[in-house]
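You will see chain A twice below: alongside chain B first, and alongside chain C after that.
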Partner chain A sequence: MNVSKPQTIDDAVLFLTEHPDAKIVAGGTDLLPRINQKLEEHAELCYIDDLPEMCEVRAEQDGSIFVGASIRLAEVAEIKILTKYTGFLQAASKVASPQIRNQATIGGNILQENRCMYFNNQVPWSDVNHCFKWGGKQCFQYKNSKECVALFQSDVAPVLISFGAKAVIRGSEGIREMPVKDLYMQAGLKNLAHNDILLGVKLPPLFKTEYSAYVRKTIRGSFDFPLVSCAVRVCVDANIIKDSRVVFGAAGVMPAELHMSNEVFIGRKIEDLPLLADELQPAVSKIIAPFQDTRINAAVRKDMAKEIFIKAIAQICQGN
Partner chain B sequence: MDELKVIGKPIRRIDGKVKVTGKAVYSDDVILPRTLIAKVLHARYAHAKILRLDTQKAKDLPGVVAVYTAKDIKFNDKYFRMGATRDTWVLAEDYVRYIGDMVAFVVAEDEEIAEKALKLIEVDYEQLPVVATLTDAEAAEHLARGDKPGNVAMPLVVERGDVEKDFAEATVFVSGKYSFPSLHQLHLEPNSATAVYEMGKLTVYCASQVWFHIREDISAVTGIPEKDIEIKPMDIGGAFGARNDQPLPVFTALLATMVKGTVKMTNSRLEEFLACRPSLGMDIEITMAADSEGNFLSKKTKLLSGFGAYSSDSDAVTAIACLRADNNYRFRSVYIEGTGLYLNHAPTAAYRGFGNPQMHFALEQTIDKLAVKLKMDPTELRMKNFMHAHETTIHGFKPQTNGIAECMNKAKELMKWDEKKKNSVKGKGVGVAALIHCSGSRAGKPEFAGSSAHLRLEGSGALTVLIGECEMGQGAKTVFAQIVAEELGVDPQQVNVIMGDTALTPFSTGTNGSKLTINLGNALLHACKDLKRKLTECLRERIGTGPVIVKDGNIYGEYTGEYVMSLEEASARACYARNGQAFLGVGIFEPKADLGDRTGYGNLAPAYPFGIQMAEVTVYDDGSYTVDKLVSVHDIGKVINSQMAYGQLYGGVMQALGSVTMENLSINNEGIYQANTILEYKPPTILEMPEIEGALVETIDPYGPYGAKCIAEPPIIAIAPAVANAIYDACGLRFEQAPITPALVKKKLMQKQRGANAEEEA
Partner chain C sequence: MDKQMAEVKIKINGREYRDRIPSDMMLIDYLRKYRLLTGTKKACGAGECGSCTVLLNGKPIYSCITLAIQASGKTVETIEGLSDGDELHPIQEAYLDAGAVQCGYCTPGFIMSTKALLNKVSHPDEKCIKEALAGNICRCTGYHQIIDAVKLASEKMDQEADINER
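Showing the complex of A and B:
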């Protein structure tokens, strides 16, 4: 395995353009275990962990905050200007274990591969389960599926989407921005070219009064991927809800947004939030894809989603 | 008896420093010149017929030394374990029977070449139906292996007393159908071995709980006599029963013999999960009969245990699961039907507790149900039915000490049981479970029950203990150093302990059955006495000291009490007087323990540990629950080293908590182990651990060294039922299946709500 380490972003983009098989690696906590498990093979790695532009956190003139993609998840808690982005801090602090959070980057968390026990716990000498991820033509989750339905597992992305964060991307044409939500496509694909590098994310300025929360459900309290997770953000002015966003993670191949939340919440009093949330419960269970694995069935996943939504709302009310 | 100076004290582990500083040498650290690397081709399917097996392309790859299949191995059918079933092969012949079954060996110059060669081996399979669950195996619609009708590996039917009569007299009945999954021991160090073949002799570097069994196995598959095989013990990164049956060192030795050179083999984590020996999953049905006062009368048990595709220690584990737990209580009669079944899973074997945790999960929940039915406090119901010391139990145990009542009182105090029962809080619950185990249960060799130890004193003053068992983290080395230190009055850090070099130590039957402290400790005590006798005799007769004794590391006049010389000086003078001959203290312990008759009846161990474990949980409306506190109180006889005893206690409790709350191999219908990484298997991390309050009740057992029994296995045995009972106490839901995951609780709560709604509508 060949590891190249470009010194600048320009070099990195150039390198990736010239090496269409090279795989980007930064913290490595997502990619390297798969390589070790022999689920993936890469002859060429492009190591972009410490490019200066990607290690920055800065307040922009418009009040938004740029967080470099190479910032470690463990560092997020220590960044003062992020203190009020409560949900973001909560999500970053829940990823995996302390050791992994010291190494894993925000960019890597956002762009991590979807997971599925049929693939990630594959036996390399077996061809029983050669699925779409292996370049095969079948899915072991849904026998009739025409594409991969592996589960989206990022803790950080649902929160960023709830804040309306933008991804800042450097490609061969220069720098561009797109909503974080638009990074995700069907079958676990990412809306990025091979030579696109995620420089960081831009969090919009906070509303005057704003509450956010991230709640997730796991089998093991620590060091686990979510069974399902929920990020909620509510903006309030004079006790009246002005804006809201509710996003679920581990809800399917992509983060799932509860678009109805604004219909129900806007213009209502923040005190009424728990009651309003109850109204939304049937809508929650509809947007959770019926993904199931050996540990949890589809019905339970839907029910858990409702439960953590209510928990997140309760946290927001407590913060009020 | 003089006051003990070293025994009972929290002496620092003598092997602690090298381990925490990373200087311990594990099997994979062994690097020898001209070492070839071996790899295994495992089966693709859990059950299939091999139609074609072509290794030519692999053989032709430059750097490949040899590729072997079953037909190349002369003694392919001779890989037996201690189990009686004798039904396994080194390499699969015509069929593969579990994913992980071994099809071919590759020996190559390096790992990369070996792995490339594996991919060049061509195998055509015809897939056969997979028997993946105990229910399927019992139904026997398909066979896990064509040569075993009905999938039955082992039938065991035991009846003691008159069950039908006692059931007819009984007025209260409770029953349950429980399921406990196959678990992985999750020792952190994967198996590795290096074998050197030279002029008809073999030297094998590996980590094992059973050095001498490994030697037997190697002899069986290579044809080399045991006297020409030496097993070099390496430091061990955890065992927990997993190193009781290890194919890897045996096959490494076989390959070294076949290529006439040095061969190394190291398992990947995946191979540890798929091609080793996890515990037996069991389905257990119990019906208990009692009178209205709460006296246990009788019990019927039906147990199915999963052997996997081949048998290992699985028959012994099944027998213990069937019988051992009953001995804690005063049953008039019991009927047990235990059936070991073949499945297309990895062969199963020992895991800390040896079948006992599985049955305790079932029995201790059934007793809890009885308490609910009788409206009795579950602690009182148990107290009423416990056996006492000096009584013979239903399966023939004769414990000389039994501190279970003290354990119960102490546990109740630590849990504030009565207070919590009186002032119950919604969603909170407490649960109790009792346990019994064997201390030094008789296993390994039908010919004898005991153990041997040597203690050598050289002219330099060096004291070396030679014991044929292993130090696998449990602290045995330190216990043995303490015993020598106590008897001779030296510093325990100065005692060398060699455990398991087959060329140096006495023969041993295996580090299992919670037996080292009691069996080897006793043997070593005898060795100390023998050494002192030989030394003082020599001092008297050849040095002319007059009658002397060894005390506090010195020699004193036996009657005068006066200082004569230091032990060091004495050893030099005495050894030189004997032309340099060192003193060898020899100790044998022959416990009063039976092998048991054909129905498993007998006094299987010199002593029996008892214990009470309790859990406190909170169950939330949303289906999540937390284990808030665990209490673990054990009658372990005399405590030899308090710090290490508590270490064993906390470790066992943690493993047990994992088994009841999250650990799962997640084996699917195709026989695939979906949790084949530590991430997916999900053992608890330290962040999952609640407060654990431990306490030790010191009975002084007449058969134990200084009165000691054991602490190795007991802490893992009854935490699972204690947690399940606590969850019932908290929310009224009974979980008869482990692990009790949040998803399972949620599912059951939803069912309960639906049931309630349906009732409302009706």
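Showing the complex of A and C:
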């Protein structure tokens, strides 16, 4: 495997354009373990770091905040203008372990691969029974599935979606933006061209009064992927809920949004939130994919999702 | 395809090294094979255990999932940088005194995480210690002795600072 390090963003886009097999590596904490374990192979890597466009955090004229893709997860807590994006800080602080958070980038986190025990447990030298992700013709999670259903376990993506954040992308045609939620496609694919580089994410300005929370369920207290997670954001004016967003992580091939939350929450008093959240429990259960891994089965994952949704709502009410 | 080489310039334990290495070499392999710093241990090779922890620009990272070129232009501290000749660093002494070493395979990693913590917070409470060591796994000691070792190390470093001030 060869690793190249382009010195400018233009060079990086050009390099990727000329090397259709090259894979981007940023912090490497998602990609390199899979390469070391021979779960993935690449002839070429394009190492992206220290590019000024991707290391910045800045307030834009319209009040939104641009956070460069190369910002390390451990740095998020130290950035003053992000203090009030509570859910974002909580999510970044909970990923894996201190060592990983020192190395891992925001960009790599929201573009990380989907995971599945059937993929991780396959051996490359076996030529029988490969799953879709290994280039085979079947999915061991759902026997009838026509594509891979591996779980997307990013902690940061659900909160960014709850804030309505945009992804800022540099491609061969220049810079464009799209909602972070639109990055995710079926079968764990990302809505990016091979030579697209995520420059950063843009968080919209905060509402006058708003609360956010991120809660995740894990087996171990730390150093663990979320079994399921929940990001909640509620905007309030004079005690009345004006807007809300509820997004679940580790909920399927992509983050799952509980669209019904606004129907139930908007126009109601913030004090009523716990009661209103109870009403939404059956809907929560429905949007969590019945995915099984070595640790929990489908039914437990759904129950846990309801539990953490209620916890996140409780945190919002405490913050109020 | 020919193996691509890369120049790295890394300051390790206070000394600068320049080497021409395969561009895909992991930092741990560079440290062990090129710099013969075999104190840093590889166990899982997948970012799951912490035994390969070194400090990159003062912050703990896993050298098994870091490319050597990711460390180029930066400073690296390894376990070898702690002792002064035969004289152990207070953190190393504390690990021995507290019985925090059994097979010892995880120890260099734990000690580097401890070093990063004590550089930042000189008197960490138990919660803070647990958070700082959450990315290191030990299969022998049961962790209590390790937490004791960090507290003891913090005291020993205080005493040393006192002596130096006098």
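To be clear about the criterion, the second predicted complex is superposed on the first by the 312 of 320 C-alpha atoms of A that agree within 3 Å, B and C clash if a C-alpha of one lies under 4 Å from a C-alpha of the other, contacts with A are read in each partner's own complex, and residues count from 1 in each chain.
Just so we're on the same page, contacts are C-beta pairs under 8 Å (C-beta built on N, C-alpha and C of every residue); 3 or more make two chains touch, one makes a residue touch a chain.
In this text, all values refer to a predicted model and were calculated from it rather than measured experimentally.
Touch criterion met: A:G28 reaches chain C, while chain B stays clear of it.
In the overlay built on the shared chain, the residue A:L45 is in contact with chain C alone; chain B does not reach it.
Using the contact criterion defined above for the overlaid structures, shared-chain residue A:F223 touches chain B and also reaches chain C.
Of the two partner chains placed around the shared chain by superposition, chain B and chain C are both touched by A:Q37. Applying the stated contact rule after C-alpha superposition, one finds that A:L192 touches neither chain B nor chain C. When the two complexes are overlaid on their common chain A, residue A:S97 makes contact with chain B and with chain C alike. After overlaying the two complexes on the shared chain, residue contacts for A:N121 are found with chain B alone; chain C is out of touch.
In the superposition on chain A, A:A314 makes contact with neither chain B nor chain C. Common to the chain B and chain C contact sets on chain A are residues 37, 97, 221-223.
Chain B contributes residues 41-42, 44-45, 99, 118, 270, 274, 622-624, 662, 664, 666, 668, 670, 672-677, 679-680, 682, 684-685, 687-688, 741-743, 746-747, 750 to its touches with chain A in the complex. For chain C in complex with chain A, the residues that touch the partner chain are 1, 3-4, 6, 23-24, 26, 45-48, 50, 53, 56, 59-62, 64-67, 69-70, 113, 130-132, 134-135, 137. Chain A contributes residues 37, 97, 117-118, 120-121, 123-129, 217, 219-224, 227, 293-297, 299-300, 303-304, 307, 311 to its touches with chain B in the complex. Chain A makes touch with chain C in their complex at residues 1-5, 25, 28-29, 32-33, 36-37, 43, 45, 47, 49, 74, 96-100, 102-103, 221-223.
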